[in-house]
Structures are given as C-alpha cells and as structure tokens.
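Two complexes, one shared chain (chain A), two partners (chain B, chain C).
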Partner chain A sequence: MNDLAIELKGVSKRYPYFALDNIHLEVPRGQIMGLIGPNGAGKSTTIRILLGLVRQERGEVRVLGHRMPSEQVAAKWDIGFASDDMGLYEGMTLAWHMNFVRSIYPNWDAPYAQLLLKRFGLRAEQKIKGLSHGQRVKSTLLLVLARRPRLLVLDEPTTGLDPVARHEVLRELTAVMTDEGRSVLFSSHNTQDVEQISDRITFIDRGRIIDSLDKEAYLDRWRRLRLELLPGAVLPFLPGIIGIRQEGRLAVATANAFAADMANAYESAGVRVKSVEAMTLEEIFVANVERSREEVEV
Partner chain B sequence: MGNAFVISQSDKRPIYLQIMEQIRQRVAVGDWTEGQAIPSIRQLAVDLQVSVITVKRAYLELERDGVIVTQQGRGSRVASNPGLGMRLQQQELEEHLEQALRLADMLGIRHKDLEARLRETGERRMEKEGEQV
Partner chain C sequence: MNGSVIRTLILKDWQLHRRLIMMSMVGAVIALAILHSRNETAFMIGAVWYFVVLFVLASMLPISNVINERKKQTVVFLMSLPLSALQYGMAKMVSTIAIFLIPWAAMVVAGTTLVLGRHDIPNGIIPLMLVLFILPLIGFSIIAGAALISESEGWTVAVTIAGNSSYWLVWYFIMRNPAISGTLNSPVPVWNAQIMDVLGGEAAVIALILGLTFYLQSRKQEFI
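Let's turn to the complex of A and B:
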C-alpha cells in the first residue's frame, strides 16, 4: 500500500473537440484535493477516468491501490462518487434509496444517515420527483456520505446550493478528515469553497494541468505588488512577474513566483514597492486562465 | 466548550494568519495557559471547517514563534514560557506599528512626520485625561 489515494500518470484521452493531455495527478491519503478550472477544462473527464467510467487512451490510473479501469469493480466498494446528474428514481422516496444503498454497501452508517437527514433538512418519506435541485444534490450526497467510503469523489458538490446548505456540505466534507485514512477529491467553480477546505489544489485548463500543489504553498506564490515609478524610471522585467498594468507613474504587478528580493530589484530600478498583497484563489484563478489563454494565442 | 474561533471571509489576511492571531489572543488574555493541551491540528481543522494543511501551517509558525510546542503523537500544548502573554502583546504592538508605517508610506507621509503625529496623539490623550481628573 502506498500513501496515495489517487495516482494518475501520463493520462491522455482524445475527443473530437477536446483532449486531456498527459495528466499527472496525485492525491495523498488523508487529504482534501480541490480540482478547479473553467468550464470544459477537463475536470469531469478526469474524474470519470479515475473512476473507471471512461477508459484512458494512454497512461496509468491507480485508485486506492487498484488499477483503473480494469479493477474498478473491486475499487468501487471504497469509492463514493456523487455528481449533479446521478440517477435517482423519480417515483421512489429518499427512504427507498437509503434502503437500497444500505442493502448493497455493508458499511452503511444508519445513525449517521439520520443525522445527515436532519442537518440537510431532508425528509426521507418524500419522493424524488417533488425535490428541488438543491434537495436532490443533498440527497445524493447523503447517500454517498453515509456509506463512509475511504475515498469521496464529488463533482461540483456545492453548485446550486443555498448558503446554509453549502455550509452544511462543507462541514460534512471537513468532518471526513477526522479520520486520517480517508480522502476527498472534489471539483468546484466556487473558489472560496476550494480555498477554505482543500489541502491541495489542482488547476486544469484546456485539458492540461497548470498547477498541482499544496494549497498554502500555492497561495504563497501569488502576490499583487503596487508600484510607484520614480520620475524617469522604467519598469524592469523580473522573472516571476506574469502581468503588469501601468498607468502613468503607478503600476500593479502580479507575481506567480513571488520572492522577497523582488522588492530590492524594483527599488534599485527606481521603482518603489508601495504594498505587497496576498491574492484570493478567485483572483489567482482569473489571472491564471487569462495568462494560459494568452500563451495559447501567441 | 463553546468554540469562539471565527474565520472571517472579509478579512483580507490568509486563513492561517487569522488562526494564529486567535490562538495568540487566547494565550495573551490567559484563557489558554502555559502547558495546557490545545486542540489537535485535525480537530481544529474540522471545527473551523478549514483544511488540515492550513491549521498545520498556523501551528508550525506558532511553534517557530515559541507560542506552542507540538510533540509527535502527543499533540500540541501552549509553550511553558514565562512572560509569554506579555511577549505576545509586544508582538501585537509591533504589528500595529508596522501597519501604521505601511499606511503612512501609502499616504506619502514621511517617517519623521509620523513620529511627530504619534507624539501629538499621546499629548492629546494626556490633556484629555487631565481634564477628567
């Protein structure tokens, strides 16, 4: 047994208008990995490959020590997967679904399922067809969480939820981490959720992984510098600065590899560093995508 | 026990700094005393609904600052260090001074003028206290 819950090596998959290109991804056991990227970046395809639902053309996939997709039957007992388009039976109640899942998975935790019903504000006797979108999402999550799987894979678990429901879902996801042997991979457009609960962040755009790093290290690399050029000074080019906006003698630089000696380099070129600001994941997300688009176009 | 740790989303500082500050405050006001066991990294992460790595970073930096000690397998405790509370308050003062400097720089106020304004503020306060007596 190694210490990786998920391991993707050189995984590729081609579609007519989209290709997943040489994906390397590692999720250590006991950690929460947040997968972020714009629409159509390849998040869901990556998730479907690691679940064995889509077969990769090249590369190796291991999940909880199982090779995928060949050992997906053995792996699925330990994996809980939830996404927006999970098939629930419209004519059946949530209670029926709970019994159904319980009959298949021996680890089903009935008291926990009852607790989740209460926390999510759901009623077991209600039929699926009468549920709102948010209630369906929460029902799907309940069915997965109460199995207490060793690996949770969630595709957009908080999309379409009201703030209270989102809060409850995040609470349950972080509660999973009391157990060091369990791991979570979730994709989201909500960068605030990812920033709050992830241990690692993987950033995908256009079928490629742009970054996959420890969250603290990742956030630390990005900084916004507010600069003032002394009369006659010219902004020097510094490695690690990926964007500059200048208007008159004021400029704002964005660093994706911030280093403390940047300030000295600027000062010696006649540029005063007025402030150095941390960036939110949302700001980093936008800066990263804009830059990756420019690179592709050049 | 009530958990009064609050992570603010409108606070511009990273979450780990907010956690460090709130632990420092608990030690400074004496709610957390020397040698007292404090929540494990995982437990605090679950309580605050933040990632383990964020709390780990806060604990590592607090350990480096001598505020807490973490022993492998035995959890974390407040460092037994006489005068710790005082030092933390000193550190807080330091942070406020730095903040004032940063603002002054942004407003283009020279350090000499800033000093003069601090003196004036002190004098005004003395006058006010004098009136009250």
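Let's turn to the complex of A and C:
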C-alpha cells in the first residue's frame, strides 16, 4: 500500500468539445488538495474519473490503493463525495435521507450527525423541497461527513452559498480535517475558499494541469514587481519572471520563482524596483492560466 | 455482488413510489366500483377506466423512477454510494419492473375475480381479458426499456406517446379475430389455439424487450 490517497497517471478522456489531456495528480494521505480551475476546466470530469463514474480512455487511476474504475465499489466505501449539482429526493425528509445512508454505511456516526444538524441549523424532519440552496448543500455535507470517510471529494461544495453558509461549511470542513488520516480533494473556482483550507493546490485549465504546488510555496514564490526604467535602460530577461506588462517607463513583472537577488539584477540594469508585492492566490491563479494559455497558443 | 446495497436501492424506489401505487390502486377501486354496475354503459366506462389506470401507471412509473433520477440529479447522490454503474442499472431495472408488477397483478386478479363473481358476465371473456391485461405490461416493458437504455426524457416521452397511441389499434385487431371474439359469450373460458398463440406472442415480446434491456444495461460502464 502506498501513501497516496489519489494517484492519476497520464489520464486522458475525450469528448466532442472537450478533452482531459494527460492528467497527473497526486494527493498524499492526510493532505488537503485544492483543485482550482475556471468553469469548464475539467475539474468535475477529473473528479468523476477518479470516483470511477466515468471511464478514462488512457492512463491509470488509483484511489486509496484501489484501481479505478474496476475497483470502484470497494473504494467508494471509504470515499465521501459531494458536489454542488447533487440532488436529494425532494419529497422526502432529511431524516429519511439520513436513515437511507445509515442503512448502507456501517460506519455512520449518529451522534456526529446530530451534532452537524445543530451546527448547520438543519431540522431532520424538514422535507428537502422546503430547504434553501445553502441548507441543501449543508444537508448533503452532513450525509457525507457522518459516514466518516477516509477520503472526502468535494466538487464545488461552496458554489452559490451566501457568506454565512460558506463560513459554516468551511469551518466544519476545517474541523473535519483535524483528523490527520483523512485526505481531501476540494475543487472550486473560488480561490479564497481553497486557500483557507488547502495544504496543496493544483491549477487546471482547458483539460490540462498547469501547476501543482504546496500552498505556501505558491505564496512564497509568486511576486509582483513594480518597476521604473531609467532613461536608456532596457528590461532584462530574468529567469523566474513569467510575464511583463510595460507602459512607457513603467512596468509590472510577475515572478513565479521570486528570489531576493532579482531586485539587484534589475537595479544593475538601470531598472528601479519601486515595490515587491505578494500576490493573492486568485492573482496567482489568473497569472498561471494566462501564461498557460499563451504557451498553448504559441 | 453487492447484494445489500442493491436491496436498499430497490427498497428506496419502493418507498418513493408508494404514493403513485396507492393512487393507482384508488383509481382501480373506483373503476371496479363502476364495473359492479348492471348498466352496460357504466360497465364500459368502468372497463375503459380500469385499463386507463394501467396505461397511466405504465407511462408514469419509468419516467418517475428512471428519468427523474437523472433530471433531478439524485443519480449524483446515488453514484457516490458503493456500487457500480451495472449494479445501479440492475437495481433500477428490478425496482421498476417489481413496482409495476405488484399493482398490475392485483388488478388482474381483482378484474378476473369480478368476472367470476358476476353471473351476468360470461366467463368466456376471461381469455380476452388476459390478452388485454398483458398489453399494458408490453407497453410498460417498452417504455421502461427506453427509459433505462436511453436515460433520456425526450426519447422516453416519444416512446410513451407512440406506445399509448398503439393500444387501441392492437385492441381493434384482437377484437376482429373471430377465434377470440367468437368465444366471448361462452359460459366457460375457451383457451383455443389462437388465444394461446396471442398469449405466447405477448410473452415472447415481453421476454425479448426485457432481455434486450438487460443485455444493454449490462454493457453500461459509466454512470454518466
């Protein structure tokens, strides 16, 4: 048994208007991986392949040591999956859903389910059709979390939630993740949510993984440098700089491998470094996507 | 095989459709009450209503049990459970057929008992009744097969419309067969060769449709 909760090697899947291309993704056991991508980037397809719901055309998928999709039944006993488009039975109550899931999973933790009902402000006897979107999402998460799965796969779980509901959901997810044996794959296009809870972040765009690093590494390595060219100076090409926007004598350089000696290199080329700014994960994500798209177009 | 999860799914479908079954049974009881009338017109209205209840159930059940699960995305909830696409498909096929067969069988028994209990209705009508009772079962098999295989609301509705418009044509051809219609007034049921051929043909059509549905379901490897 290896120490990876999720392992995708060279996974490809082609649709008429979209292709997932040569995906390599690893989530170590006990880690929280954020999968960030714009709408239509391939997050849901990747997740559906790793759950065995869609069969990859090429490549190898292993989840909790099980080969997918052939061993999906064994793997899914230990996987909790929730997505923003997951529907529950409108005419039935939340209690009915809890009983239904409990009848399948012997690990169902009834006291924890009751605790989640309280924390999420849900009423078990309420029918699903009477719940708001936020309450439905929280109900789905309750049904997943009370199974005590070893791997949580959450596909855009916070989409469409108001700030209070989002905070409640993220707080509960953070609490769940204190269990070090549990691994999580959390997909979203909301970088704030992912930044809040993830150890490691993978960017995906147009069916390709464009970057995958520890969250801290992203935040440490990416910087925005505001530059001013002195008369006669030419912007030098520095390794680690992935993009430059220049207007007259002013320029903004984006570094994906910032090093302290970059400022010295610019200064010696006659370029004054006005400021070095840390970038938010959202800015890093957008810069990464833009760079990746430029590379593809070239 | 993942027996307990499949059983749980079948039981879940039964629970979700108890109301539809109850409504069908209420419709059938009202039709039976009308059928008890000695008035010929009322008897005909009751008989038509009785079959309409079966046709409606045969049309609604596959849409409610199969298509709505896709349309309302509850399949996403189910596919996260420990089962494969094949196991889900088989559970869905078994539950859909079983949920229809229970009220269908109850209505066949009730209808036959009514005829046997009424001295003014010749028992010679029973073979024809059986032939006609099997028609909604064929219609149901076709609609359920279309729903299970296509998983598409459009295709299922199209097949339902085509199936429901064909019933009366099939009735017409059956009633034109003198070997069947000629024995209706007999005091005892006449199981002649033509009746047995029609019943055998109906059974073969059902077996063919369900067999084909089972085969195509067993080849599905993906949930979505």
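To be clear about the criterion, the second predicted complex is superposed on the first by the 297 of 298 C-alpha atoms of A that agree within 3 Å, B and C clash if a C-alpha of one lies under 4 Å from a C-alpha of the other, contacts with A are read in each partner's own complex, and residues count from 1 in each chain.
Simple rule for what comes next: contacts are C-beta pairs under 8 Å (C-beta built on N, C-alpha and C of every residue); 3 or more make two chains touch, one makes a residue touch a chain.
Computed from a prediction, not measured in an experiment: that's the story for all the values here.
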{"item": "First (chain B), second (chain C), both or neither touched by A:P69", "value": "second"}
{"item": "Which of chain B and chain C A:P157 touches, first, second, both or neither", "value": "neither"}
{"item": "First (chain B), second (chain C), both or neither touched by A:G134", "value": "neither"}
{"item": "Touching partner for A:G42 - first (chain B), second (chain C), both, neither", "value": "neither"}
{"item": "Touching partner for A:G207 - first (chain B), second (chain C), both, neither", "value": "neither"}
{"item": "Contacts of A:R171 with chain B and chain C, given as first, second, both or neither", "value": "first"}
{"item": "Contact residues common to both interfaces of chain A (with chain B and with chain C)", "value": "none"}
{"item": "Residue ranges of chain A touching chain B (in the complex, touch as defined)", "value": "30-32, 167, 170-171, 174-175, 177-178, 180, 192, 195-200, 214-216, 219, 274-275, 277-278"}
{"item": "Chain C-touching residues of chain A, taken from the complex the two chains share", "value": "48, 51-55, 69, 72-74, 76-77, 79-83, 85-92, 96, 100, 103-104, 140, 143-144"}
{"item": "Touching residues (chain side chain C, partner chain A) in the complex", "value": "2, 4-5, 8, 12, 15-16, 72-77, 79-85, 87, 221-224"}
{"item": "Contact set on chain B toward chain A in their complex", "value": "7, 9, 12-16, 42-43, 45-46, 49-54, 57, 102, 105-106"}
